[in-house]
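Listed next: structures, encoded as structure tokens.
The same subunit A turns up in both complexes below, where it pairs with subunit B and then with subunit C.
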Partner chain A sequence: MSMTTYDSFGARARRFSPRLVLSELMMKQWFEPVIPFFVMIALWIAFSVVIRDYSSSENILSLLRLFAEFGFVALAMAFCLITGGIDLSVGAIFAVGNFSALFFLLVMEWPAGLAILATLAIGGAVGAMNGLLIGYLKARPFLTTLVTLIILRATVNLLNTHYATSFATNSTDSNVWDFLGSGNLFGLPVNAATLLIVLLIGHVFLSRSRYGWHLTAIGASRKAARHAGIRVNFMLFATYVLSGVLCAAGGVFYAARQTSTDSTTGVGWEFQALTAVVLGGVSLAGGKGTVWRAMIGALIVFSLTNGLVRSGVPGYVTSAIIGVLLLAAVGIDVKWSKNRGKVIQKTYVNPAYFELSPPPSVKSGDASPYAQNDRLIHAEAIGLDQVEGPEDVILDRQDRVYGSTRDGNIIRFSGPDLDQCEIFAHIGGRPLGMQFDQDENLIVAVAGMGVYGVKPDKTVYKITDETNRTWYKLNDDSRLRMADDLDIAPDGKIYFSDCTTRYEMTTNTLDILEARPNGRLVCYDPATKTTSTVINHFYFPNGICISHDGKSVLIASTSLCKIFRYWLEGPRKGQTEVLIDQLPGNPDNINRASDGTYWLALVGIRTPTFDLAMRKPDFRRRMVKEVPIDEWLAPGMNHGCVLKFTEDGRTLESFWDPTGVSHSTLTSMREHKGYLYLGGLENNRIGRVKLTGVDESWSGYEAYWGAKRRDRS
Partner chain B sequence: MAIDATTRRFGNVQLRARSFAANQERIVFLITAALIVLFGIGLPGFATVDNFLNLLRSISILGILGLGMGLIVISRGIDLSEVAIMAGSWSIALIEIQQGMGAAPAIMLALCLAVVIGCINGVMVAFVEAPPLFVTLAAGFVIYGAAFWFAPAWVVYAPKESRALLFLGAGQIGGVPVPIFVFAAAATVAHLFLSRTSIGRFIYAQGDNPDAARLAGIALRPLIVFEYALVAVLAWLAGYVWVGTTGSMQMAITQGTMIFDVILVVVLGGISLVGGRGGVFSVVAGCMLIGVLLNAFTIMDVNSEVQNIIRGFVLLAAIILDNWLHPRDEETARQGD
Partner chain C sequence: MGFFDQFLRDMRQVVFRNSEQNAIPSMDGALSPNDKLDQCTPIGDPLPGLDDVIATPDGAVYASAGRRVYRLSGAGFSERAVVAEFDGDAGALALHPDGRLLVCVAGRGLAAVAQGGSAPRYLAAAGGRPLVGLTGVAAASDGVIYMTEGSVGRGSDAWMRDLMEKKKSGRILRCDSALESAIVLRDGLAWPNGLMVEAGGDAILYTEAWTHSVLRAQRQGAGIGASQPLARNLVGYPARIHPAGGSDLYLAFFGVRTHLIEFVLREDDFRDDMMRTVKPEYWLGPALSSQHDCLEPMQIGSIKALGIQKPWAPPRSYGLLVRMNAEGEIVESLHSRADGAYHGITAACSTPQGLVIASKGAGRLLLRGEERQ
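Coming up: the complex of A and B.
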């Protein structure tokens, strides 16, 4: 046997390409904050070079102490942005918190714990005012919070002037208070440690809890959230309360650290926090963002302002730089959220070089077994115009015909003339390959869903819909994307093909155009109820058939135009070899024939143009990018062809419908009691032709499971 | 039945909005009149000719800025950098005068700077499609920082002897301060522009429904850039008056709450933030009300922080009222609308 193509060096190399990695990276949500993250690192390195002792641990700790309060404010802003709103009063609430903490502690002389609680409550109350206006009165978040910013700021300034002397003269000897101001927790400044804890809680809340999901849902689509029964008004209200509490918490730490207040406390922080959060990748449009992104952005803005000040750059320049940063971040955010899908679409398909040797001749009149003939032209039609695309056909012990159709149904024809049509079962998805197990359950490979079973009493049950994930793949391939065909080994194991892990049923032609080994052979073991991938990285595996002796699986590779054999037992167990090297077309389902040979359907016929295109990956990439889908090159789809081949891979004969009128895109065939039944992906019927010189009592079920079972020894 | 009910419901909303929109200016005028009577009786020194002229003069700058803001709000945009454009362009121009530039070139320089900034704002909104609130908020900070870089002083003084520079702000015609005439002229031109020219009608169309306006064949993006440039021109004009009135330009106003007074004037008068509604008379009405209030505050010597609080609450009430009169679909609204 020739070298197995699928694990040759070239094929292995084709599993990877920089462009492929990039396109899959871009689909990942976690990839978006990568750029801000590196900006943050770069800034830190730059300042370490410019400013002496910047990277010393004392400096980092003191920077963290300075940063933590801003971190709280940025976090508050992030929550509001994620709900699709905004809170511009964060800086003012922060100042209110700072004032209240000092007021309760120094003027009212409350104990520190009570003062902190009261301050948080005040923050919550101020947030509730925003929340009421935005959540229930449906006011515009931007202008509303801008106005509350003015009101709060003016109030704080008034109060500050009034109490400035009391703050200056009174003092407290509370240990708790001193600890908040200058203590350490876990080796971190206490405010930074608290921020870290709050971030962890916030992360779990936002990404793992029901209410966090509600917040994100409201931000992503308020209408959809309302339709889903989320209490939009209340959730918005609660978000602004939360924002108020977080800002007040920042204010408490600030008060503990500074023990003074002035008119500049928190001025402009709303603007810095907004810049920070958008820079970190929390989208202005809402519904997208994590607490970590907010923190990355906050660290960038903080280290920038802090570093610029320490380098002696005047404040107005910093202000202009932050302004430019905000403009850039908003612009990039708007453009990226608008075009992300387009970028992914343009880069996702990455065709590879692919060479096929010249195909055998199919010219009619040639001596080749592939020579075109018209043996299928006069096929008898079953269920004409009653079925839509019966990808696979199968017959049961009562001679009834089943077809898996495009509308997610298994359709059944019964009666002596097979003219009684009924929907046997509705599974959904796109049912493709079918097989009966020993208990006469109909096992179906369903694209988009997995492998399902239908009992004789018509109950549908799930067998499996996932397999083990490939650890190094960016694309999560644990789900079965497109289970295509299956067969059942004598021990009951279900072998099935998952023909692509990068595309779907509707886009599977892209996988063929991409010509990369994205498919796999998967096995479900009913004994352990586990699913595992047997062969990963296979070029579009399609038809699956257990050999007559039950010792190997035949696998059709549609894009390679080859048939493979995978050994289940015997000396070559676990090895794969090529059984048929070059077919004249793209193979689909394989099934056993009565005489110990196999039937094979060709869904498309190779053309020199398409073969040439397979050698021009850039051409195919441009085609997919620039040409509408109905203009794409494809193999010849206007013929129907069924082959018969022997156990050692020799093709014996072929059956053609050269017109393609009744049976184009043939995907399956079953031999049953002297007839060959035909199913096709795009056909409006199931076909039937009489076979000559075959065992007219042979049926698939009896031969495999029943009394007429061939000797497997 | 269901359709009937829906029609009736929405019909009512429309009726509510329409009858109010027509009346809002009138209501504001009536409130203003009532306040004038009230203050006239209660506040000594309020009901004098001098004070009225002073009041009108003081609102003229706010009014000119309000015309610009009104125009951009009618088009469903907003410009938070208007005050910064005014202050930034003029402080740079005044610094240039101090360093020897002639008055006329400096005035032109201020105009050019303003228009360039306006165009940048417009391009960011129209072509980058960033929400105008964010663009102009950020622009305000950038202008502040950049202008301070060129003119590092909180107050830049104008030369006292330049008549051309100071006339619009400090001059008088027949005893009436020129700023009042400037405001009147600007309001008339703006009114004619908005109501009598096709571009003016396009601005309303855009504010009503930008998508429909685009489908109707209006070149929306150039129009947006043009609108932001117009706002900048009005900011420049307001700055011209400001320089004459105070003899200087103060960068501090970019950090203050003046821009909210401008929004307040516009929203109070009946130019809804949903766009396409109101007109120049709304600005005039809103201006009168705010002018009377500010004037009374000044006479009563109210603390500026308290003034801010009161104005904040008035603006909040105005926004909520506007929201009630012109309900917007917050489910389809973009961030920053």
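Coming up: the complex of A and C.
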């Protein structure tokens, strides 16, 4: 559900930013091979236009049959590259596989099944030789496999000349063999179908299995992988064995299809495979790549070779084109992997336009309820220089004061003069909003962690740290990024704000500057122990307060400078409406007041230049890029302001520290037994001022769970 | 500003590296920040509208503040007397070799006040344009008077709008000792904001605020030669220059450049809208002082942390006075940082009792005693 009352279709359309989509797309692993993917599609379309019947299903099937063997070889190469190595002997092993299959079948006259197994075993054995040298003897993969390539190639050529006549004269009538050569499986050529199955297994192996992760880890950093306890030697050995087996499998299919061998079988395939795999986006430096990328690259190289030959382009030109492609792919690979992070960083912040209504006057002496005064300047200080940034303050039934501080602590002051200071609990993260539940557990919203509870005996326990993911969002938003404030409904449900899903506590200024509805209202239901998002896409929701009658939630939107009401029950259940439209500043926490009204803290005051900047998204985008963080424009925050407003959204009065002498960045206030307690995000104290003409027996706990409840009248 | 304009701007930055946009130099070496201005002793009561201060040969100082020019003398400059009063704000001051006091009067022009209290003589126009906003005046030993005018037809208090409009219509003027035969020596300058005649009397030095530079021009008969920069790409917006003894000079900065202001100066569209819709006191630009008004622009680094305003926070206003040698090198600097009190320095002069500094932002004259130096 979105903020339909505020969000017109036009506003949303204007907010749509292709740059934002792009930056979020670029953070996705699967988006990396997007360029090769489209090149592949484009090649296909181009050849369909140039060559007759190219896109007919017969042609596609016959192309797939031709392609599959190369696919196996490319896959073998991809595995080696991902471990940070290279296997130049793939083409030669392929040729050996081709020869062996024919030899076992035609000369030894073994049954097809046995011949295939023996061929795969030979591939594995050759791979094991590579693997021994590279994995255990720490030989360089490039030279080792180059030597293997030369030796194998010479051997195959020798054997070929020796057995050529036997191959030509002998034949087999094995059905299995014929099926392998020309049969179909699931409507696909049998070799392509097998490749597909191998790819699926390879994908699961590489991306979901422990050993796949080990392979990638070794490629990313061999030393780190060793330090992490991965058996680097064995894994490398196994990879080259796998590579050998895959190449031999390609050789078997090739043998079944061609039933002949010559000195050109698999010549140059190592470079074609290398080109293909790098083109697809498997990094030459290792540690990055998927089987699909390898296949995309292989399809490009294959269709280019095949298509050019069929268009009548001479073979050497095709080779040259492939060479140039390899060069370009390697260059782009190096540049891209180096700069991808920077590109994301430069495009991630995407400010949106929005216009705020003109602010009411805050000029001192004006008739406005927001007029500045000095009612907070002389606030009594509690724990001066003992607390660091008490974002929220709350009092328990024993009149002790709690503050949530920036060092991850809940700090507690007790004693008649509130001068005994202790760390009540250490939660970690950045504790922000707090509330007591019926059992006097202190429920805390912790930025960077989620919602936590502290029992009266000081045990800390987790309540929730994730909610349901929005299915259409690219950014995974299931984690709670910055739980900000919370309140508890009479039925025990905890409503809390997660003010941004794109930034963190340390970068939440960017969210304000971006001015997009990145936040949400989330609800935790203790009865079912489930967490769900109530309002998605909210402009920096901050303060949360359940209304006195328990029928609605008040939500402060810091960037919109508005207060919203979300109905929990009654005829308007599920609807969101604007309660206060024009605030002179950025609202923070909301809390109940003793007389049935509400307190609201303004953390920032809107300045004319900041309001102007909000109407200039490009200005803000360039500012974020060109100006250092410390110099970014902000709302006025060196001032403290607390407001009191009624159930129907009328502001009654304000309490100010206009110069921020004692209370700047004022974020919260709590009324308790005739006093108003003040907390500030960046302040060095908790303050309190005496209120006059209020119910001096009223306290927050009583108003929620005790005698002062107003929801049962 | 469309995409294309931005692109052109970026290209200009690449091709013409040394044109108007230069990286702000960091304050290090002789410019290392300190609290020397805040350690100075304020002289007497505040002088609202304080602008210029000059030394007299007998050890006193003249200071212009509001519509008046004061003479301060005695130990610690505790004796204060009004020398002259005008119908416009008194600005830059200079002593003529013949003893007359030259005062730039807002809206009127240059006034020459003779001793004895007779009515001042005025130079009201030059080059066919009235002298509404003179910003600096100096007299050579041969009696010739030089003046700077910030922007033709614009009062000197409208400097902020001039900066935001990126105007270049300031002038350098000359007249004889009888305030006659005024001629325009140079025009099209980016807010010339003060000048002095070099110690030998061969050349004049003047500051140009919007280009952050001090320039030198040789005197050639009735005219001046081509301007040579003495110091360019300074850290702030220079105000007046006064001799500091020897060949050194005191250069005051009424504000310092910040990344955000430089950025805003590149954003034409934002500036236009700001000038149209926002009151000038809340504009994003240099200020003489911060009123701690919550509607003033604010920057992230200025947020008070644990009750403390960081001295190194990006300043809305700043106090900076430097001593510069004849080669244009800064030898000493006095600062009042973001958390300091004496911002918007417009002038300083040396006296036997020490250095007297005018902080226009605070409206205070400051004395930096010799024993402290």
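By definition in this document, the second predicted complex is superposed on the first by the 693 of 713 C-alpha atoms of A that agree within 3 Å, B and C clash if a C-alpha of one lies under 4 Å from a C-alpha of the other, contacts with A are read in each partner's own complex, and residues count from 1 in each chain.
Keep in mind that, in the parts below, contacts are C-beta pairs under 8 Å (C-beta built on N, C-alpha and C of every residue); 3 or more make two chains touch, one makes a residue touch a chain.
These numbers were taken from a predicted model, which means no experiment stands behind them.
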Subunit C versus subunit B on the shared subunit A, clash or fit after superposition: fit
Which of subunit B and subunit C A:I86 touches, first, second, both or neither: first
Which superposed partner A:L143 touches (first subunit B, second subunit C, both, neither): first
Partner chain in contact with A:V324 - subunit B first, subunit C second, else both or neither: first
Contacts of A:T155 with subunit B and subunit C, given as first, second, both or neither: first
First (subunit B), second (subunit C), both or neither touched by A:K551: neither
Which superposed partner A:R231 touches (first subunit B, second subunit C, both, neither): neither
Closest Cα approach, subunit C to subunit B, once both complexes are overlaid on chain A (Å): 19
Complex contacts: residues of subunit A adjacent to subunit B: 81, 84-86, 133, 137-140, 142-144, 146-148, 150-151, 153-155, 157-158, 222-223, 226, 271, 274-275, 284-286, 314, 316-324, 326-327, 330-331, 334-335, 338
Subunit C partner contacts - residues on subunit A that touch it in the complex: 362, 372, 385, 388-389, 509, 605, 607-610, 612-613, 615-616, 618-619, 622-623, 626-639, 658-660, 662, 664-665, 682-685
Subunit B residues within the subunit A interface of the complex: 124, 128-131, 133-135, 137-142, 144-146, 148-149, 152, 257, 260, 263, 273, 303, 305-306, 308-309, 311-313, 315-316, 319-320, 323, 327-328, 330-337
Subunit A-touching residues of subunit C, taken from the complex the two chains share: 1, 6, 258-260, 263, 267, 269-270, 273-274, 277-279, 282-284, 292, 294-309, 313-314
